[in-house]
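Residue numbering begins at 1 within each chain, and the chains themselves are lettered A, B, C, D, E and F in the order written.
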Amino acid sequence: MKVVTLGELMLRLQPYDYLRFVQTDSFEATYGGGEANVCVSLANYGIEASFVSKFPKHEIGQAALNSLRKYGVDTSNIVRGGDRLGVYYIEKGASQRPSKVIYDRANSAFALSTKEEYNWDKIFDHADWFHFTGITPALSDSCAELTLEACKEAKKRGVTISCDLNYRNKLWSREKANKVMGNLMQYVDVFFGNEDDANDVFGIKANETDTKSGKLDKEGYVSVAKQLKERFSFKYIFITLRTSISASDNKWCAMLYDNEAHISKEYNLRIVDRVGGGDSFAGGAIYALLNKYSAQDAIEFAVAASALKHSIEGDYNFVSVDEVKKLASGDGSGRVQR
Amino acid sequence: MKVVTLGELMLRLQPYDYLRFVQTDSFEATYGGGEANVCVSLANYGIEASFVSKFPKHEIGQAALNSLRKYGVDTSNIVRGGDRLGVYYIEKGASQRPSKVIYDRANSAFALSTKEEYNWDKIFDHADWFHFTGITPALSDSCAELTLEACKEAKKRGVTISCDLNYRNKLWSREKANKVMGNLMQYVDVFFGNEDDANDVFGIKANETDTKSGKLDKEGYVSVAKQLKERFSFKYIFITLRTSISASDNKWCAMLYDNEAHISKEYNLRIVDRVGGGDSFAGGAIYALLNKYSAQDAIEFAVAASALKHSIEGDYNFVSVDEVKKLASGDGSGRVQR
Amino acid sequence: MKVVTLGELMLRLQPYDYLRFVQTDSFEATYGGGEANVCVSLANYGIEASFVSKFPKHEIGQAALNSLRKYGVDTSNIVRGGDRLGVYYIEKGASQRPSKVIYDRANSAFALSTKEEYNWDKIFDHADWFHFTGITPALSDSCAELTLEACKEAKKRGVTISCDLNYRNKLWSREKANKVMGNLMQYVDVFFGNEDDANDVFGIKANETDTKSGKLDKEGYVSVAKQLKERFSFKYIFITLRTSISASDNKWCAMLYDNEAHISKEYNLRIVDRVGGGDSFAGGAIYALLNKYSAQDAIEFAVAASALKHSIEGDYNFVSVDEVKKLASGDGSGRVQR
Amino acid sequence: MKVVTLGELMLRLQPYDYLRFVQTDSFEATYGGGEANVCVSLANYGIEASFVSKFPKHEIGQAALNSLRKYGVDTSNIVRGGDRLGVYYIEKGASQRPSKVIYDRANSAFALSTKEEYNWDKIFDHADWFHFTGITPALSDSCAELTLEACKEAKKRGVTISCDLNYRNKLWSREKANKVMGNLMQYVDVFFGNEDDANDVFGIKANETDTKSGKLDKEGYVSVAKQLKERFSFKYIFITLRTSISASDNKWCAMLYDNEAHISKEYNLRIVDRVGGGDSFAGGAIYALLNKYSAQDAIEFAVAASALKHSIEGDYNFVSVDEVKKLASGDGSGRVQR
Amino acid sequence: MKVVTLGELMLRLQPYDYLRFVQTDSFEATYGGGEANVCVSLANYGIEASFVSKFPKHEIGQAALNSLRKYGVDTSNIVRGGDRLGVYYIEKGASQRPSKVIYDRANSAFALSTKEEYNWDKIFDHADWFHFTGITPALSDSCAELTLEACKEAKKRGVTISCDLNYRNKLWSREKANKVMGNLMQYVDVFFGNEDDANDVFGIKANETDTKSGKLDKEGYVSVAKQLKERFSFKYIFITLRTSISASDNKWCAMLYDNEAHISKEYNLRIVDRVGGGDSFAGGAIYALLNKYSAQDAIEFAVAASALKHSIEGDYNFVSVDEVKKLASGDGSGRVQR
Amino acid sequence: MKVVTLGELMLRLQPYDYLRFVQTDSFEATYGGGEANVCVSLANYGIEASFVSKFPKHEIGQAALNSLRKYGVDTSNIVRGGDRLGVYYIEKGASQRPSKVIYDRANSAFALSTKEEYNWDKIFDHADWFHFTGITPALSDSCAELTLEACKEAKKRGVTISCDLNYRNKLWSREKANKVMGNLMQYVDVFFGNEDDANDVFGIKANETDTKSGKLDKEGYVSVAKQLKERFSFKYIFITLRTSISASDNKWCAMLYDNEAHISKEYNLRIVDRVGGGDSFAGGAIYALLNKYSAQDAIEFAVAASALKHSIEGDYNFVSVDEVKKLASGDGSGRVQR
C-alpha cells in the first residue's frame, strides 16, 4: 500500500523546555509540516509513504530531506532547487500560557514551485491514496494550481483522496479559502476537519458549541458533519474534538461520520507537544481505512494514535501499530513496559 | 511613566530539569531579586523602569547588569564596585517534593553599600513610583538606612511608594523586622503581602486560615486587610492567596482592598517556576494602578500577570500587556497562537 | 547499623526529556539496579550500606562504582573483573504513553560471577541486615546459587534478611521463579512485593483486583498478605499499592502486615521518574525497622520516602530522613523551602 | 563620542561544536551582522554606539534587538515592522574543512525598508562617526538608496564616515558593486578592505599575491592602498592581511596607510570563531582614531582587538580596552588572569 | 553503481567534549562500524550503497538502521532479529592523552548470525563492488563463514571485492587472523591496510619503520606493498601512512600501489575525530576506482576525503565529491565558504 | 600509604566551551582547590588520600564532599558547618586570550574555621605524608594558625611534609606571605614552586629569565633551587617550568633538585584545561617519592602526570599510574587505545 502526500516541510525551531523566545540562545531543530507529518506516521506503521515537495539543494534542504528518509519516508519525489526552506519558530506553552508560532515560510522553494516541476506518473505509480491539507493551496497561487493538478492526476488514476481542511488565517482570507477549497472538495473522498475549520472556510457551523469554553457539544459536531456530507458528498468525514483546559491539559476525542456518527472514547491528555496532533490523527485514520477497519475501530485507532502523539516531542508521531492498538484497546495506564 | 525600585540582584544557580543539588554538574545561570523582577515586568509592559543597586565591576557583576539591560531596564542608577554579587542556589521541586533555596548573599556589594553612594536627584528624576520589598532593609543595617533614605527622598518628591512585605526569617528576626518595617510603613501608599507575612512581621492574622492545609478563607484575608489599613493607612492593599496542592499544582488568586474587597478569579496553575510569582503580581498591579485601571480590572490584571509567570522559567516575568489582558479577559485555554 | 545488599548495577541510558529512542542522539548516563538503589537510599539516611557485586575493571565499571561511592555506599565488597557491565535503555513515558525499558544485561560480569568470588566474612562483618531482590537469582544459575549462599551466610550470622520479590518475566519463567524463590523464602524475615508479583511467582492472589483498571481493593491485599504469611512465616510483609492513572499520574500507598494490616495514607503523584519507586520503598522500610519505628510509622515513612522518589530523576532516591519525616507528618504542599 | 552604523542584523544559527549541518538537531542562536558587530565592539569600549536598522515586531525581532541592548548598544533608532529577520546558517570548519555559510536573508524587514522610514536628525544627533559596509547597499536597491541617503545626511552634519568594502558575490555582481560603491566612496573618509575586496569591486590589485597560498606580500598591499588613495582620496586606509593555513590556524596582521604604511605585528591565531574578525578590526580602528591614537598605536590596537575576536564565539567581540591594550603591548602568552 | 558492504554496526557512546569516562554523565549516541562507515561515505558521493548486517528488532536496533537510512544507505538487506546491538564506548583524547575505546560487542545480533539468514541474490543484484574488513570475520566463527560465503557469492557474480585488513587483537589472535584472512585474500581485488596490519596478520614488514616514533619511511611501505602483491596478486594496494604527533595533531598521507607506487600529498591534521579515518579513505578510493580515476587522482581523492573526515565528529564521513575534489586540488586553506 | 592534605575546596563555575562570562547562561559546576586536587591525583594512583577541610552542612557543601568521595578520597576528616562554600568563576582562554579567574571565596566555612575544630590524632593516624600549599595560610589568620598547627602535629608524628608555594597576590601581600611562609618552611621537607613564586615570596630569583617571553633559562632555575636549598634545607625541590606560547599551547617541563638538578623531558601541550596543572605535578611527585622512584624517574613521572592533566577538563587529574608511566616512557603519540 502506498500513500502520497503533497506539501511543505519546514525547519522547526523551538527553544528548549519552556523557555520563551526572548530567553533562549539555542533552538531545537526538527522538521515539520502537515503532510510530511502524515507520511512519517504512515511509514512508522509500515506503509509506503511518499512525500512530494521541493527543497533547496543546500545542506538545510538536505537535512530536511534526511529527517524524512531517516524514518523511512520515500523522498524520491522531492524536487531539489530553489533558495530557501520555510522556517517556523515555536515556543511551548504551559498552564495558562499558550504555545506560540511565528511563521517565516514565504518564498520557500516549495511555495514558488510550479506544477510542471513534478512527475505525476512516477509520483502516483502504484499509489492507493493521496492526502493533502488546506495549507498547501494557501501557500501561493502556484501551489493552489499544483494542488488542483495533483487531485486531478490522482483522481484519473483511481487514487483515493483525502484532505485535512486546516484553515490558516495568516496565509489567506476566508473568501479565498472558500473559493479554492470549495473547488478542490469535488475530488475529495475522505474529509478531516474540526468545527472551527468548517465554519471558517465553508461557513458551516453547529449552534452553541464554544471550543474555547471547553464545553463539547457532540450533537453539534454531528450536525456539522451532516452539512459537510450534504454539500460535498464525502465518503468519510472525520472531526476531531479538542477541549483545551489549558496548554498543559486537553481532552481529546473524535468522530467518524459515514452515514452515522461513530464517536471515540475521550482521553485526558497531559501534553508534551500538541503540534501535529491533527496530522497524527489523519495518519491513523488513513492507516485504518487502508486496512479496512470497521468504522468504530478506525475512529478508535485514529484517536489513540493522536492521543499518543501529544506525548511526543516534535511534529512527527513515532508510534507503532502495536502501541496504538494497545491504547485503543483500553490500556492507558502508562505502566512501564519492560 | 517611570518606576524606580531598590534592591539586590543575585546570580541564580539552578540544576536543569528536576535534578537535585547532589545530582547536578551544571547550573542554569540567570539573575533574580524581588525588586529587579518588578522592573523587568514593567519594562516588558513598556514602562520606564529603573533599578537602583550596587554591583561589582567584574564580569559577573556586568553579566547581572546585562541581564536587566537586555530586557530594557534602566541600569544607569546601578553603582559599580564592591567584591561580590550575591548568589542563590535553587532546585526545582515537583509533586510532594518542595523547591529548595540556599542563599549565599551575605557581604554582597549591595548589602555593604551605604546611602551616600546613591544619587537621589538622578534616581528620582521624573519618577512616578518607588517600589521596594521587605528584603532590602533586612540585608544589613546600612541597607535598612538606605531604604529609609530612599523612602524619604521619594516622598519629598511626591512619588507614590509601594512595598511588598516579603518576610525572610533567615535574614532577620520577627522583632527586628517589626521595628524596621513598622517605621517604613509610614511612607507606603500601596501594600503587598500575604497573611503569613502580615502575621510574621506585624502579628496581624485572621482566625482559622491554614495555608498549608490548602484551605482558603477569604473572609480571613479581608480581616487582615482591614487591620493593616487601620494600622498603616495604606491606600491600596494587595493580598495574594496561594493554595499549594503540591509543588506541581497551585491555586492562585488575590484580593485588592481599598475600602472594599475586590477578589480576582482563581487559576489552577501547572507550575513551571513559582519563584518571582509575587513580584510579577506587584509588577502587574503597579502597571494597572499607573494606568488608572478600575479596582477589579487591576486585581484581575495583576493576578493574570502572575498566573502567567508561573509558566515561565526564572525569576523574571516575560509577558506583554496583550498577553495578560487576554488571560484576564477569560481565555486561559492555552490554544496554540499561530 | 550496617545493611548489605547483593545484586547487579547497570548503566542506565535514557534519552533526555520525553524523547523516544528513535529521536535521540544522546543519552543521560546514570546507574541503577534494585539492590544498589536500596543502598543509596540507606546511605542517604546515614546507614552504613554495603553493595556486593562484580564490576569490570575498565572505566565503565569504575564509573559505576564511583556512582555508589559518591553517595557514600561502601564499595569495598565489589569484586572487579569480567568483561561487561549490564546496560538498560529507558525512555520516559508521559500521559497515555508508557515508559519503555530495553535490557541488555546478559553475560554481565555479575551474572557470570560465582559464589566462590565473594568473601562472606568481610561482607557480613558487623552486618545487621541483608537485602536482595528476585532479580538477582533470575540473572543466571550461578547467581541463583550465589543468592542462596548469601542467605545461608547471613542467616548463620543472625543477620535479618529481606527480599523484594520483583518478578521479571524476561529473565525467567514463572515455574523457575516459583522453584528458586520458593526455596529462598525460608531465609527471609521481611518480604516486599505487590499483588502481581505474588501471583506471578507463587500463584497467590486476591479476587477482583485489577491493577490496570486503577481500582484498588485493599481487602484483597490483606488477603494476599495473609496467604504469604501462612505459607512462608515472614515477620513483616510490605505490599505496595500503585494505581496507574497514566504515565504522568499515579496514586501510591502501601500496607505493612505483621499480624494486622497497617495501611498508609495515599499520595497523588506527578511523576518525574517512576523507576526505583519500589526500591526506595524498601530502603525506607528497612530504615524504619532498623530504627524500631512503630508499624504505622514504618509504613508511613516507607511510603513517603518512595512518594518523594517519584519526583527525582534516575534510579537512586536522594532524600534525607528529615525530608521523609516532613512529608510523612503531613506536609505535602510543596511550598518553597528557603 | 557617538558612533552610528547602518545595516542588517541576522539570526545566526550554528550547530554546536564541529557538527556539520546534516548532523545537528540543535542550533546555537546568536545574532550578527557586520555593522552591528562594530557597534558591540564599540559599546564594549565605552563608546556610545547606535545601530540603525529595521526589525520585525515579533519576538524574534525583539530577541535580536535585545542581543544588542544587552551589550549596551543604543537600539532607539531601530525601526520596528516588516515580516522577517534575515537568517544565516553557519557550520564551523576545522583543519582542512572550511566553515560554511548559507544565507537566508532575502526579503528581510531591513532589506525591504526605505529611507523615508528613518529619522536622520535623531540618528545623527551629536554623532561623531558613521560606519557602514558594502553589504548594506548590496541587499536591495532601496538599501542602496538608504545608504546613500545616510552618507549624505552624515556628511552634511560633519560626521566622519567609514566603510568596510566587504564584497559579497552572492548579493550582487561586480559590475553593480563597482557602480554603487564607486559612487558612495566620495563620502568616505576611512576605508577598510582587503586585497580581494579591492580587486573584486574596483579592479585594484597588486601583483603576485595569492591569499589562498598563504603567502603574504606586504609590498603588494601597499600598492593597493596607494591606488585606493589616489582614486578616492581616503584619509585612512586599513587593509587586513589574513594568511589561512587551515580553518584552525591563521596568521593575522594589518596595515594602516595614511601617507605611509604602518604595519602591525603578526599573530598566530588558533581559531575559535573567525566570523566577525574584520568587523572587530574596524571597531578597534574606529576606537583608536576617535581617541587620537598614533598611526602605529591605532593599527596595533585594531589588529590586537581582532586577534582576540578570533578566540571568541559568535559574531560579536567581547573585549575591553584593557584587554586589547595588554595584547597590543606584547603580552600574548595567555597566562591565567587570576 | 552499487556497492555492497557486510559488517557490524555498533552504538557508539562518547562523553561530550574531552571528558573522560569517569567524568561524564551523558553520552553522545551515534553509530559506527567499518563497513557501514564506507557505505555512508559512498552514499554521500551519490553511489548506491547497501549495508548487509543483522540488527535487533527493538528500538535501539531501529535507531541504528535509521542512522544509515537518514544518509541514504540502502538498509533493505539488514536482517532483523536477535537480542542486542553491539556497543562501543569512546573517550576522545587530546594532546598526549590518547583516545580510548572500550568494546562491548560480544554476542551481538550480527555476531551470532549465520550465512543462511542472508539472501545473496537480492544482496548482489546489480552490484558492482563488495567491500568488507578484517573485523567481520573476527567477530565469530559464524561471521568468518559468512564472510567467506559473501566473497564466493560476489566472485561468482563478477563483483569486484575489496578488503580493509583492520587487525583487532582483542577479537582474535594473530594466528587465527592469518589463517582466516589468508584464505579470504584469494577473492580480494583491492587491498587496504597499513604496515602494522600487514605485519600483524601476514608477518609482512619493512625494516626500520616505527610508526610510534612518528617517522615515516615511504620506501618501507613500497616494500610492504610489493610483498603483498607478490603473495596475493591484488590489483590495487592502498596503504595509509599516519604519523601521530599527538592525539591532537597527525600527519596523513597514503600510497596506491598498482605496478608502481603513487604517493599522495601529506596533510597536517588538527584532529576533531580520528575514528573512521581509514574507512573514509576506503570510501574515497572505491569511489575513485568506480569512476575510473587515474591512479594519482585516485590516491589524492582518497586521502583528501579521509583528511576531511578527521575534522568531522563521529564514525561517518559527511563530505561531498565537490568538497573532496576542492581539497585534493590543493585548496586546504579553510577559508569561509559563503 | 596515606597522604593528608589541608585546604579549601571551592565550587568552580565555568561557562561551557570558550564562552566568555558575559555570553553564558549556564555554568559547568565542578569542584577544585590545590590540596584537594592533589588528593584526587593520589587516590587515582591507589594511595589513601585524606582531605582535611570544613564544608557547610547544606547540599552545596555535600556536593563538594561527594565530588571527592566519588573518586575515592577519604572525606572523614572534613568538618561540617559554617555558611558558605567558596566559589570561583573561570572562563577558558584560547589563543592570545588568557583564561580568567574571579574568586568569591572570602568568609567560606574553611576560611573561618579554627585549629580547635580538627582532630589531629584521627587525621594523622598512620599518615606518611602531609601536603599543603601557600594558599591555605593566605586565606585568613585563623587558617595561617591552622596550617602551622598542622605542620607541628605532622612533624611530631614523623610525617613527611611538602608545600607548594603558590603565591596568590589577591589573598595577601608579599610581606605577609614572606613572614608567614618563611616561618612554615622550617617544617617542610619537599618544596614545590616556580621561579615567580620564589621571587614573589622570598625574593629569590635568577637573572634574565622572563617567563612571559617564553624563554626558558634552565640555569636560572638551578640557581633558584640552590638558593632555596641553602636557605631552608629542603630535601627535595621541585620547580616547574612553563613556557606560555599562548592560552592554547604551552611547553611544559620540570626540575627536581636534590643535590643536583634532574631535568625532565619537555612536552608540547595542546591545552584542554590548564588549571590544576601544578597540583597534578605535586600529586605525581609525591606518588613517585612515596614509591622510592629514582630522582630522574620521579621528575619524569611528575611531569608526565601533569602533562596529561592539561588534556583533562576541571581541576582534578584523572589518570592512572599506567597511563602516566606509558607517557613517561616515551609514548606521547596519542594513538587510539582499543
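FYI, contacts are C-beta pairs under 8 Å (C-beta built on N, C-alpha and C of every residue); 3 or more make two chains touch, one makes a residue touch a chain.
Just so it is clear, the model here is predicted, and its values are computed rather than measured.
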{"item": "Smallest number of contact steps required from chain B to reach chain E", "value": "2"}
{"item": "Minimum number of chain-to-chain contact steps, chain B to chain F", "value": "1"}
{"item": "Remotest chain, chain D as reference, centres from CA atoms", "value": "C"}
{"item": "Cα-superposition angle relating the copies chain F and chain E, to nearest 5°", "value": "120"}
{"item": "Interface residue identity across copies chain A, chain D - same or different by half", "value": "same"}
{"item": "Chain A and chain E: spacing of chain centres that average the CA atoms, whole Å", "value": "42"}
{"item": "Chain A and chain F: spacing of chain centres that average the CA atoms, whole Å", "value": "62"}
{"item": "Set of chain D residues in contact with two or more other chains", "value": "17, 20, 22, 25, 66, 71, 100"}
{"item": "Residue ranges of chain D touching chain E (in the complex, touch as defined)", "value": "17-20, 22-23, 93-101, 103, 168, 170, 211-212, 214, 244-249, 274-275"}
{"item": "Residues of chain B defined as touching chain D within the complex", "value": "66-67, 69-72"}
{"item": "Complex contacts: residues of chain F adjacent to chain E", "value": "17, 71, 267-272, 304, 307-308, 310-314, 318-319, 323, 327, 331-338"}
{"item": "Chain E residues touching chain C - in the complex, by the definition given at the top", "value": "13, 20-22, 24-30, 58-60, 62-63, 66, 83-85, 87, 89, 91, 100, 102, 104, 106-107"}
